[in-house]
């Protein structure tokens, strides 16, 4: 078999497949000149991931991927055991927060994910989890420590997610919710912040700065709908931080709503087991076709201000054009107008309400 | 062919095989409260290794493996030339010290190796070596500089090892000895120390601290015996350090004795070419069996005190339970009661004789 | 197919191939004792590279390689699209400067490349380029930012190269030229310097030290000739640096001339698409032959002094012996006598004109 790379199969249930994904990004960020932000053109290798996955007789499996874009960082590194619709996973993996976060970066509708998924620090964690998929219902839950890069450490947490994913005629529905709790070690602090849509800049206009925290609680709601060339998706996420001593809890919020449409006929957004999946063009380049061309619009909201923590607020208006020439190649262009209130970088005369324009392009291959 | 991953073979003697091993560890360390050691629960990705090996027509071969658990560190990286029973190796590889060290971490009987192998700093070194295996005799020797991570540098050394490995009826005997010499660069110093059985803590109760050294001499004795479900092994290692000027040599010692037994019928410990090898369960999971279940007991001794160097002494009593569901999966649980004398972390009232309890579990897949 | 590693092919134009190259170096550098340079013996893993390449239906392709010799550094990381003789490349790749630089390190005639290619900082850069090969003419050009390791940053540049590569009877001709421009970011500076032939030392006898720069312009000329066992090659490279304010431009120069000859009959140096290619021994080891044995002589000149920048001058006389037992294995020995004028490390009595002897050996496997 071939899935971007050869799937080599042996007798008795063995399999082995190389994995990889490569994203090259470039673009511009344009902030009001009074901010002193010297941005303009930027570029980077956003992701350079190589890895392997495989099956082992007896129901076992593994997946490991390393990102070389900045040094070498482990992304997924898991051992699995599956039986029926149930799967047990040990290792570093996503802790079941947000449809946009759980959807692979290979299949997102914009160059970067929704602001709250980065701002609230969603990332892969070392842990043990179980999931069960039966008919239209998916249940996931696990206990987690921290990202391998941050271990040894004393952070631990519990996460759960449930999704109802019925197929109604030819349309795919998705309704889900997630709960998150993490105990923050006394020595650690939290910091929520967000880049202006593109990753090749290190400037953040919204930023809580570091603050002391005892624990973190998150509640997420997810919805999505796919029907032929059209899709819509929306999420809301409430993050609450317990602070030490008598300090009141801090409440933050983020969410987005998006619609997308394929201009090329016969194309639709992939969906599988509770997340968006690969787009497979009906008429790919190389077989006489043009590939799939999709436009997406997103409104992206983030509020990082509560009480004494004044991280700022963002209203993002984002449009993207995604060209998928073949199953395993993609070119994306995302434009965002990000309107800030209470931005942490003041513009002329101390003004903290202004807009930033951001444009990013990406070339992608995965296997 | 398939050995956990596909072995791809070409005409004329070509071969190519991916390699990997993944260890996820968790556990607890419990030290007397007076020590101020805040341990309790810990977890880590102990090893995340990916690599390749292959044969090249003409008798050449290579093996390379990188560990991504903490950044990216090269473990094995060798070119080989073989003819008859002789093999020449160039690159980073183990310098022929200790049966427990030379046995792959995939096949050890406890979650970590004997204390002296870590304490005396056994690790892979860049060097050139030759080995010869003929009938019941194995001879190995080479010259080595330093670990690639520590190069450029001026350390160099010589190592040799001989093993007599007759098969007596169905039983495997192993009797060996090794000699080690390393010249320490004037700018470098030595430090011998040991974690309490598990690797996810950075606390060491025995520790010589850094001391000046001119050279290092080691003598090791090895013995092992495998008969059906039963195995026994024991080693002793004398490490002597020449110190600068008129300071007397410092002598350190470590050793262990262990026995193990498979509770599942038909299982035995693997052995090959002077080291322990893979356990292949007689009745693996996935073919109606339970896999192999083995219990092991070890007494592990380490003395890091001599003259003015007071690194402390450890008497370790260790038990492990190793479940091997299939050839390429393992789950280990190791418990150790480590009795210290002259521990470098004093407990209440300056007491340096006390015991530490340590429990570790591991999930492992390799290919 | 097999090219050092299996080339796995799927239907519709898919392919996948692992890549790797391993260089283990050792040797000695002997400088006048008055310099205080404590060199003597050195060793290192010069390159430990692993990666993959592949084709994707529709004309797309990719190549990624990571070097693990010092941490994990991305070397090539590209996506390509090809049609007819034209290729578009996105990602990190060489920016078309110098035949010796563009020839893979697997196929160079000496242990290290010509001095100017290192001194002037030629390295892979993130960029977009196009190339066109038609008959005897190769045209290459692109725009580039910086090496991935140095991003984010504000460096950008333009590069172009043209080569005329006719075959005259059985002889291969090569005549080429390249132009280079790079805009240096205000915050950055330049530093040109060169190791004494071998890479395992960090000493540089010629070194401009850091100096402010606005931009960099380079002009290169290339020539080469291969006829049976004989080859000759020569290059010249003028590097001009625009300096800030009223400071005059700084001009530097480097170049080399070399000849090589195979002592084993039937062997010749490979050449392909504007660069030297793999040597495939007529009578390899393993098929009753000795492999290919080649001697090479090179004169290597570098001038890093102009105006107030006194980096020194080098006249290098270099001889190498290259044994290629099989297509994918090589052993090299390079000896260089490097005569310096204006060396930046003074010898006894402040003398800066002296010679350094350098000897390096390398064991290599690639696939």
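Just so it is clear, A, B and C label the chains in written order, and each chain counts residues from 1 on its own.
Here is the rule we use: a contact is a pair of C-beta atoms (placed from the backbone, for glycine too) under 8 Å apart; a residue touches a chain by one contact, two chains touch by 3 or more.
Source: prediction; values computed, not measured.
Relative orientation of chain A and chain B, expressed as the C-alpha superposition rotation angle, is 120° to the nearest 5. Homomeric contact chain A/chain C is classed as different-residue, with under half of its interface positions used by both copies.
If you average the CA atoms of chain A and of chain C, the two centres end up 40 Å from each other. For chain B, residues touching at least two other chains, in rising order: 8, 18, 71-72.
The touching residues of chain B, counted against chain C in their complex, run 8, 10-14, 16, 18, 51-52, 54, 56-60, 62, 64, 66, 71-72, 74, 77, 79, 90-92, 126, 145, 148, 151-152, 154, 156. Of all residues in chain A, only 2, 4-6, 8, 18, 20, 22, 24, 26, 40-45, 48, 50, 68-69, 71-72, 200-202, 284-287, 325-326, 328-329, 363-365, 367 touch chain C in the complex they form.
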